[in-house]
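Shared between the two complexes below is chain A, which has chain B as its partner in the first and chain C in the second.
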Partner chain A sequence: MSLRTIRLYARAMFLAFEMTLRQNFTDMFVLFGIFVQPLIIALLAFWMLQERGSDYIIFVVVGSGMTGLWTTVLFSSGSNITRERWTGTLELLVGAPVPIQVVIFGKNLADVLQSLGSMLLSYTLAILIFGQIPEIIQPELFAVSLMIAVISYVCFGLIVSPVFVMNPNVQRLQNGLEFPIYILSGFLFPIALLPNWTTPLSYILAPYWAARALHATSSGGADFKEIALTWGMMILFSLVYLIASGKLFKTLLYKARVEASLLRQ
Partner chain B sequence: MIKKLSLNLRLFFEGALLSYIALFHWLRPAQYLATKVWGPLVYMLFFVFLGKFATGQDNTSFYVIGNAIQSVALSGIYGVSMSIDGDRWDGTLPYLFGAPANRMTVFVGRSFMHIIDGVLGAVIGLTWGVLLLGLDLSHSDPFALGLTILITTFSTSGLGLLLGCLGLITRNVMFVNNTVFFLLLVFSGANVEIQTLPAWAQVISQALPLTRGIAAARQIIAGESLSHVLPLLAVEFSIGVGYVFLGYTLFRWFELIAKKRGTLEAI
Partner chain C sequence: MNTIEVCNLRRVYKTGIGVIRRKVKEVVAVEDISFDVQPGELFGLLGPNGAGKTTTVKMLTTLLIPTSGTARILGMDIVKGAREIQAQIGFVFGGERGLYWRLSGYDNLRYFSSLYLVDPEVAQKRIPYLLEMVGLEERGQEKVEGYSRGMKQRLHVARTLLHDPTVLFLDEPTMGLDPVGARELRQVIRNLQSEKKTILLTTHYMFEADSLCQRIAVIDKGRIIALDTPEGLKGHVRDLSVIEFEVYGVPSGILEKLRAQPYVDTVSVENRDQKQALLIHSPRGSEAVPDLLKSMDGLRVGNVVVREPTLEDAYVRLVGGKV
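On to the complex of A and B.
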């Protein structure tokens, strides 16, 4: 791939990013998932975990923020292709020389970065409720973890979106997919509480490794080796998701052309 | 007089049935099952595990009962409000407002099927609790528990009717519904003991439907009799009636506003 092509793709990705960001700020459903729901979950978790003392404040801030990230990937990023179809712009995107995967990556990046706002809001809520500033124990490692987590969520979104388009029945069950990932990823409680048979399911989810990395670096209690493992797993899963999504997008576009279903509602 | 009464009854039941069919005509069985069976199970599991982590002890039944009863809000809030709001989206609102039908009959009729559906939702939630989470219903009086669920669903539907009215003047009624549903998880006592909430939050709890219904259900499942929880149920019912009347008043008021502004069909 030449430097010019990379620049071209980056430009398309940035434009998709900017457009999505602007659209999201006018969509109350998206804003609810990004800001309101995580904030209410944070409030609930603060009150439920109050007996555990102030050590859990940062745990709740990070955990509730992660619920916002997943909700956004599921509902917003998951519908990124479907939304283009609804607005009649999918044909144009598919016909453009830039691969549609690049455009969807930019859109997902906007969704995920925007949903980090939920963590900031939860942080502010914690300050308002407890009158103290929650401390991130390893800020540098936390920042790196957050960066890798964002990439892994964006890549996860690249899988979700074509799967939903190719299997409308799966998208119809979207609401039922939100809380299982909250549970399996250990956003607000350790997965050790769950039955043993669920552990392998958690291990194949990037959000689980993201939660582990972010909780470990914000609340402390993990050595660098363990944090490096979580980073490695997130990068590994991001690559797996990217490769798988490449195949999914190829199949999706092939099917859409054969069945002439690009504009099907 | 009898003719008028029978006309209103027909309007009530036909309206109830048709609005229910209209709301769910786009739902496939799998989608309905995901919403009514799978959905309540997964959010119940989430709060049960969070509760176990929070208290460090096995309080499973507290969270199972709280969230099973809270699931009536799926029908009471979303179902009912979407039935009212749906007329605007489907373009049938002008016909509804143009008809000579009794507004109260039309308005309350919208919630009837959702109350039945909500009761079913709570029963499904409790069944999950018994099958998967070891909930013990052996000490409970089935009639008292059934009555509690029915009254709680009614009162929650009252709030749903009120929220549905907002759909007549705003396009963002789903945002309001979602927010209220999640706030109920916090303030209804489904997941946090009311007495451990800050004083201002307790005031909010007391004004909401569900709060007393959940408390009554917990007491009945613990073995208390119907007469013991009757005062709680009486207040829960009164709160429901209050919300229905508030909703109805707003319904008539918004009808006037929508007609004045010409926004009956604006979506």
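On to the complex of A and C.
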């Protein structure tokens, strides 16, 4: 692949990112998932956990923010292909020379970065409720963790979207998939509170490693070795998701061209 | 080398019927069609709804995989060379969908230019040029949701020209447009033809095919039933005259009775507001009128016109007078 092609692919991804962002800001459903729902969860969590000491404030800020991230990946990124199909633009994306994964990556990136607004909102809420600025113990490591977490969420979205398109029955369970991931990933309470048999399930979820990295770097108490492990796991899962999504998209597009399902009336 | 080469192309759709004991039903949309389109030619696919025009275009634009047969665009196979073909073709499907309504026309074009790997510097110059070409230069910054159907359709045409494709597939581009919008769009197509683009146009508007296309393939029930120039197609009915009877209701049995007359070639009915027009092709021309009136058994008849056949009449004859 030439340097020019890579540059043009990057531009396509950036424009997919920009256009998605602009469209999302006029979509009330997306805005609800990013701002209102995490705000409600944060309020409830602050109220329930306020007796447990000031370090729980940052835990709730990060945890409720991560619920926003997951909700966005599940509902917005998960429906990215389906939405294009309903608007009649999927045929145009498939018929264009840029691989559709590049476009969906850009769209997922917009969804995930936009949903970070929920973390910022929870942070502001904590300041208003407790009258103090919640402290992030290891800000540099937290920033790196957040960056890797964003990439792993985007890659996870690349799996979710084609799986939903190929298996409409799974997409019907979209609502049901929201809370189990909150719980299994330890967004708002440690997974040590769950039965032991659920632990392996947590380990195969990138959101779990993201939550572990972000909680560890914001609340403190973890050494660099442990944080590096979470980064490594997120990168590993991102690569697995990327490779698997390549196969999924190939199968999806071939199936769609055979079954004539690129367009829904 | 021909720009488009289609050889024995066939496409079957499978649909499920029933809930508990689900059966698979096969519908043949395109049945063994073959044709070539030369460089710079404006080629028409003419046929009624459901004839297989859109399926053909979707296969040629790499969006559908044929059940059997082959097709080549610019020498590349539509299945194996899909990615290479996509960079050199443009396509427009009729209707309002396929645009991002919450974005402006300009942003839609900017986005699609990136999907077609157009250099940003080129896109920056080309987008205003295309907006002007399709008459949207003053509305380009407005959101597409506020556009009329015709404006959306013209934006589609601009979108498809972003990467300056060699081959264009226009699938019923004037469908649903008002007469002015349709006329403007036809002018845009003529301009594209003068730029030596190879164009495959599907339509069910006869006058559109007649006025734009150099050659026309008439397609019905998935098969090509005639392929010629518009004049050549009209030759199919040159020996006939068309007699139009304005009538008020057509009782059952009357069409069969008329068709049974030895001097009648085809009979079709057109709805015109509260009235109908009975269109009868006959080699006897005006001489046949008294006999035809007798066969109508007291049917209330208004104006009677005898005229030369048009492409539409040729089409009606080719598809068996069912229009």
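Assorted remarks:
Basically, the second predicted complex is superposed on the first by the 264 of 265 C-alpha atoms of A that agree within 3 Å, B and C clash if a C-alpha of one lies under 4 Å from a C-alpha of the other, contacts with A are read in each partner's own complex, and residues count from 1 in each chain.
Quick note on the criterion: contacts are C-beta pairs under 8 Å (C-beta built on N, C-alpha and C of every residue); 3 or more make two chains touch, one makes a residue touch a chain.
As the structure is a prediction and not an experimental result, all values here were calculated from the model.
In the superposition on chain A, A:M19 makes contact with chain C only, not with chain B. With both structures placed on the common chain, the touch criterion links A:V258 to chain C but leaves chain B unconnected.
In the superposition on chain A, A:L44 makes contact with chain B only, while chain C stays out of contact range.
In the superposed model, A:C155 makes contact with neither chain B nor chain C.
Using the contact criterion defined above for the overlaid structures, shared-chain residue A:F32 touches chain B, although it does not reach chain C.
Considering their complex, residues 28-29, 31-32, 36-37, 40-41, 43-45, 47-52, 169, 172-173, 175-176, 178-180, 182-183, 188-190, 193-194 of chain A touch chain B. Within the complex, the chain A residues that touch chain C are 5, 8-9, 11-12, 14-16, 19, 22-23, 26, 87-89, 91-98, 103, 254, 257-260, 262. By the touch criterion stated above, chain C contacts chain A in their complex at residues 13-14, 58, 61-65, 83, 86-87, 91, 93, 95, 97-103, 107, 110-112, 114-117, 119-120, 159. Chain contact summary for the complex, chain B toward chain A: residues 28, 30-31, 34-35, 38-39, 42-43, 45-46, 49-56, 172, 174-175, 178-179, 182-183, 185-186, 191-192, 196-197.
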